[in-house]
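Chain IDs A, B, C and D follow the sequence of writing; residue 1 opens each chain.
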Amino acid sequence: MPRVEFNRICKTYADGTRAVVDLDLAVADREFLCVLGPSGCGKSSTLRMLAGLESISSGDLVLDGRRINDVPPQARDMAMVFENYALYPHLRVFENIAMPLVARRRPRAEIRERVQQVAETLQIVEYLRQRPQTLSGGQRQRVALGRAIVRRPKMFLMDEPLGHLEAYLRVQLRAELRRLHERLGATTIYITHDQEEAEAVSDRIAVMENGRLQQLGSLVDLLDRPINRFVAEFIGRIPINMLPARLAGDGQNLQVGAAMMPLSGAQSAKLRSGGTDPLTLGIRPEHVALSSGSAGETISGLSGRVRVIEPQGDSTVIIADTPAGRVSALVPSGCVPSAGEVIELHFAMDCAHVFGADNINLLRAARNSE
Amino acid sequence: MAGIYFRDIYKSFGTSRLFEGLSLACPDRKYLCLLGPSGCGKTTLMRIVAGLTEPDSGEVLIGDKRVNGLPPASRNIGLAFQNYALYPHLSVAGNLAFPLRAPIRRGRYRQAEIEERVKRVAALLRIDQLLHRRVNQLSGGQQQRVALGRALIHDPGVLLLDEPVTHLDARLRYEMRAEIKLLHDRIGTTTIHVTHDQQEALAMGDLIAVMRNGRIEQLGAPLELYHEPATAFVAGFIGDPPMSLVHARLAQENGNTIVQVAGSSLSLSEALAAQANMAPSREIIVGLRPKQVALVERPEAGAVATTVYSHGRVGREQQLVLTFGRDEVHCRTSSAIHVTTGDKVWLSISLDGAKLFDAASGRALAHT
Amino acid sequence: MAASKRADRRTALLLIAPAMLVLVAINIYPFIYALYISLHTFTLGRPTPPRYIGWSNYRDLLDDDRFINSLWVSFKFVAIAAAVEFLVGFALAFLFSAKLRGMATLRKLAILPIMVMPLASGLIWFYIFNENFGAMNWFAFLLGAPHRIPFLTDGKLAILSLVLADAWQWTPFVMLVMFAALQAIPEYVYEAAKMDGLTPWQTFWRVTLPLLRSAIWVVLVLRVVDAFRMIELIYLMTRGGPGGATETLSWYIYSTGFLDQDLGSAAAEAVVMIIAVSIIAQIFVRRLNYGAAT
Amino acid sequence: MSTIVPDKKNAVGAATGARNLAIYLAACLFVGFGLFPLYMMITTSLKTDQQTFAWPPVWLFTPRFQSYYNALFVFGGRSADHYLFNSLVVTLSSSALAVFLGAMAAYGLARFRFRGNRDVAFYILSTRFAPPVGFIVPIYLMVQRSGLLDTQIALIVVYTSMNLSFVTWILRGFFLEIPIEIEEAALVDGYTRWQIFLRVALPLVRPGLAATAILSAIFSWNEFLFASILAPGDAATIPVYLAGFSASMNIDWGEYMAVGTMAVLPIMIFTLALQRHLVRGLTFGAVR
């Protein structure tokens, strides 16, 4: 049974900005849901409406079957972790963590015990007497987490909680957040613009852009079956290649530059029925293979000159300039061409996406129907 | 054009000593990445080249010229700051022209030439449409280009970049990385690039110097660092995920050297055994890449019992963090395997391709 | 390295020296000079040269009823004025924080008195408090006062009238500063308080008030110090009268020196005042320093 | 009680109309109290003698602009225009000097580390608290000795010194807010310290310069104590001229109030237009 439902939620600010438009989203009990999107996509407004910090312009926000649009934040039993930690600057760590309990007038002994317990879980016992200003970013973030978990709320709301931290700390805390979620089991909604973070912590990812929910699913869904060009470009740790293309006269091939990329029957049927030029071919770097030199007879290859080689360890990114545009390929470090070399690029067309003029992915269901 | 050389640099801040005899060379026309966690001294080292910080002792050379004590302006360097440090009261063109109008270059450039250069650099960095904008009206990526342009405009002998792409979002960062590298291929200016991001350093550097606590841990080409880390610190810093570092003991069994890890014994290949025999003590650290550990569901011979600390996903795979005594091991498995935090699982470890480090010094065993 | 550091130090010196020169001339030197004068008998406009008399000017102060009285009057005025201004201004800061249409304009109008020349505000209030035709008496009459009220000529009322005039000018100042301090509290702190489940009352006592502490401190010290040295209202409205009821230390020094022309005694009184204010200021500056560090 | 926490526009649970009305009423009452004396001053300057001394006070009347204000501007003679001009000279010179010297000192204190830096900074701040009346006797004697009594120079120097303290302190805060990298960039670009001060730092603290200039001007314009002692005659400023009225037994209230209006209005309009950073200036940066 879903715990939280957004039903056609809209948020329009006084200046007319439409931050969230017709949002429909259901979050299941004990789920860890990430809302992912670039800055200004409406993800923060969504979270703040859920918290009660922002009023809802229209639509229904339902928690456990009860409409909570007008319930004040104090009565929603949700805890929030803010991007800037939002610690009380005048209070020590202990008092910061204790505040939610103080607000509920818990007995002193209980407060002391629970704060101590939380501090132990988060390994911040030694900082309890310090003020937030004397702590590092990572320590502050732990204090903010402590303040959220100390009162055992129904839900956690996290607004880019790791946004201000250094890269390696982020990776470490990511794992801890996931672990904490599994221990506490509370429903969590997590806002981020970082897809790596989203995939590392969450069960499902909701991608937002321009105030609208674009796609909801697991990371593999988003990678393999992006609904539109925005999702395809936003997801993927190495950006997807986007090349102008058109459907060849026979309808069986996709023409990219001078090269012909053969389409499967299903793909070609989809493109013929839905496609209008100009089309854009989207192909992920991991689905581009290389052969060096001009073997001559490959028809599916696009030739290009290697410009940049970026080693990543076991694999290497090759960036080549082709007549159709710049293409990145992710290849094993064993077989790397040298800069300036002319190579042939082969696309695994069964993993390709083709976007029409309206940026919708025309091949989205391709692999399922095959 | 000139190389950059540090010789026996000492530097303290108050009572805390940062560099104690640091030496480092960046040959002419090379792209050197200084890589390390915050506080390792990489930015200070860059500032020493710029003359914004002076070492307590030791020599800094640009080309064959000793630059100690020389004011920053006379070192002929271009510097792009991490936060861009653009002049907010000037337009893009004003920012780009600022170094050319400096008193130290008075009379060197005529007005027409200044304008010409500004146009040329702006075109190179694709900001020619923005020349009359105020810099605070620009996006982060555009500001970054202006900062780069300002550093390049007077044809410096040395280019210093402090986290030049850190503040950009993922896609732009990826694009700018390639562009900066292409630019370097074209103009060939010796460049020092400061970063904390190992992926960025691997992708961009001709050379990488991994730094820690004011010391150079290792200097080498990117893949050299990846495949042959000189210290456990480098091994634990480079790669995504980096090597897992596991404390272990060397022991003898039937005349063969074996490794004891968390109660299990693992045998060593001949090559590794030879390395292990060079170890100064029995206590070692084993560095493992994720592909060397595999999850097995049942205890089997040679498998090591561990506990799941956390699990998440990376791309199509599942990434597990397993606790292993006081160590953590990163392991990748198919997403199909279901485990949760606290589960007991078994790991089969293959030591082929593992790296061995001395536990006390952290130095790689192997090459003597 | 040593060379560039020395160059830096020279630049710093060149930058700071002119300002320090002016301050030495108009602040440090006069203080030392005041000390010197205070050890002499020195009368304005008399041809006899100053004569060294040691500490006797200071000793005289202890027996001087007018001096003791002026200390007491100063204390009364400062305490009442600062308390009234602070409490009312503080409350008004919350009132003016309400996010309502037109509030910004009202706020701009409300702070107009701060800019009024203190002497002119003395003039206006002198007129308003006039016993025969002043508006204040008219309001008192409307409220049912049986007879004309001698606002400035009654000992007890005169000091309260001064407080009212002072409060008119400076309550908006307290309001303005406290308002700015309230605005400076980041919104996220209140949001965190809401998420933590604090009631408005708890939020006020546990969050807002502690966060305003340094601003409260600044405002209080500024009001105390400035009320202590206020002289214009007295000059125009009461001239220390009636019967010394409004003779503050500031006024007493002014009148000793320039009405009675006894510069030696005035200097001794001034030295006492400077030291007293310096102690207050030092405590304050230290606190401010502490506040800036955290 | 809910006004205890400043409420955010969009927060859940909107304020009620009755509460809003009460807030408006209270705010208007306070504004009315603040404006009433100013109203009295301006109206009295436009009243006839009979209206001025009338009981009950006259609230509605036909204003009469002519005589009082005309009397203020007898050019060449000793009337308000002469003193207004004196005030203008003293105010502009001392503000400009204070801001210029203060900016230099502030930059030196903000950007250079040397022993005693903090002590100097705190000394400069602490002069803000010095009671002027405590310094009046020695300064009077110093000015008298140097033959500068009743000159504008004496007032300009004294006001400059009194303004320096907060000008330096506030601008120091503004300079500290400039990211050091911007100045380092200029250093690398080939500029000297002094040029960086003039061409990079000063333009970046323009709001601070404006705020301190305004506050210096207000102070210099309004100052009475030193003006009355150091420049009682020909060089007197407008407050001294104003004070002269009250000495006579038969005050000409109309003219008196007209001078007051002339003394108060310019600076008030001036500051009303430029309110940014006012609080920061008034509290020397302790509150923004």
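Everything that follows uses one rule, which is that contacts are C-beta pairs under 8 Å (C-beta built on N, C-alpha and C of every residue); 3 or more make two chains touch, one makes a residue touch a chain.
Quick caveat: nothing in here was measured; it's all calculated off a predicted structure.
By the count of C-beta pairs in contact, the leading chain pair is C-D.
With centres computed as the average of Cα coordinates, no chain lies farther from subunit B than C.
Note: centroid distance subunit A to subunit B, computed from Cα atoms, is 26 Å.
Taking the mean of the C-alpha atoms as each chain's centre, subunit B and subunit C sit 58 Å apart. Mean C-alpha position of subunit C lies 15 Å from that of subunit D.
If you average the CA atoms of subunit A and of subunit D, the two centres end up 54 Å from each other. With touch defined as above, residues shared between interfaces to two or more other chains in subunit A number as follows: 52-53, 72-73. The multi-chain contact residues of subunit C, meaning those touching 2 or more other chains, are 193-194. Residue positions of subunit D touching 2 or more other chains: 8-9, 11. Here subunit D touches subunit B in the complex through residues 179, 181-182, 184-192, 195, 200, 203-204, 206, going by the rule given at the top. Considering their complex, residues 38, 166-168, 174-176, 178-179, 182-183, 193-196, 199-201, 219-220, 223, 233, 237-239, 307-308, 310-314, 317, 319, 326, 333, 339 of subunit A touch subunit B. Chain contact summary for the complex, subunit D toward subunit C: residues 1-9, 11, 15, 20, 23-24, 26-28, 30-31, 33-38, 40-41, 44, 52-57, 101-102, 104-105, 107-109, 111-112, 114, 120, 122-142, 157-158, 160-162, 164-165, 168, 193-194, 197, 218, 221-222, 224-225, 229, 238-239, 242-243, 245-246, 253, 256-257, 260, 263-264, 267-268, 271-272, 275, 278-280, 282-283, 286-288.
Within the complex, the subunit B residues that touch subunit D are 50-52, 71-73, 77-79, 81-83, 85-89, 98-99, 102-105, 150. Those residues of subunit A that touch subunit C in the complex are listed here as 51-53, 72-74, 78-80, 82, 84, 86-91, 99-100, 102-104, 131, 133, 147, 151.
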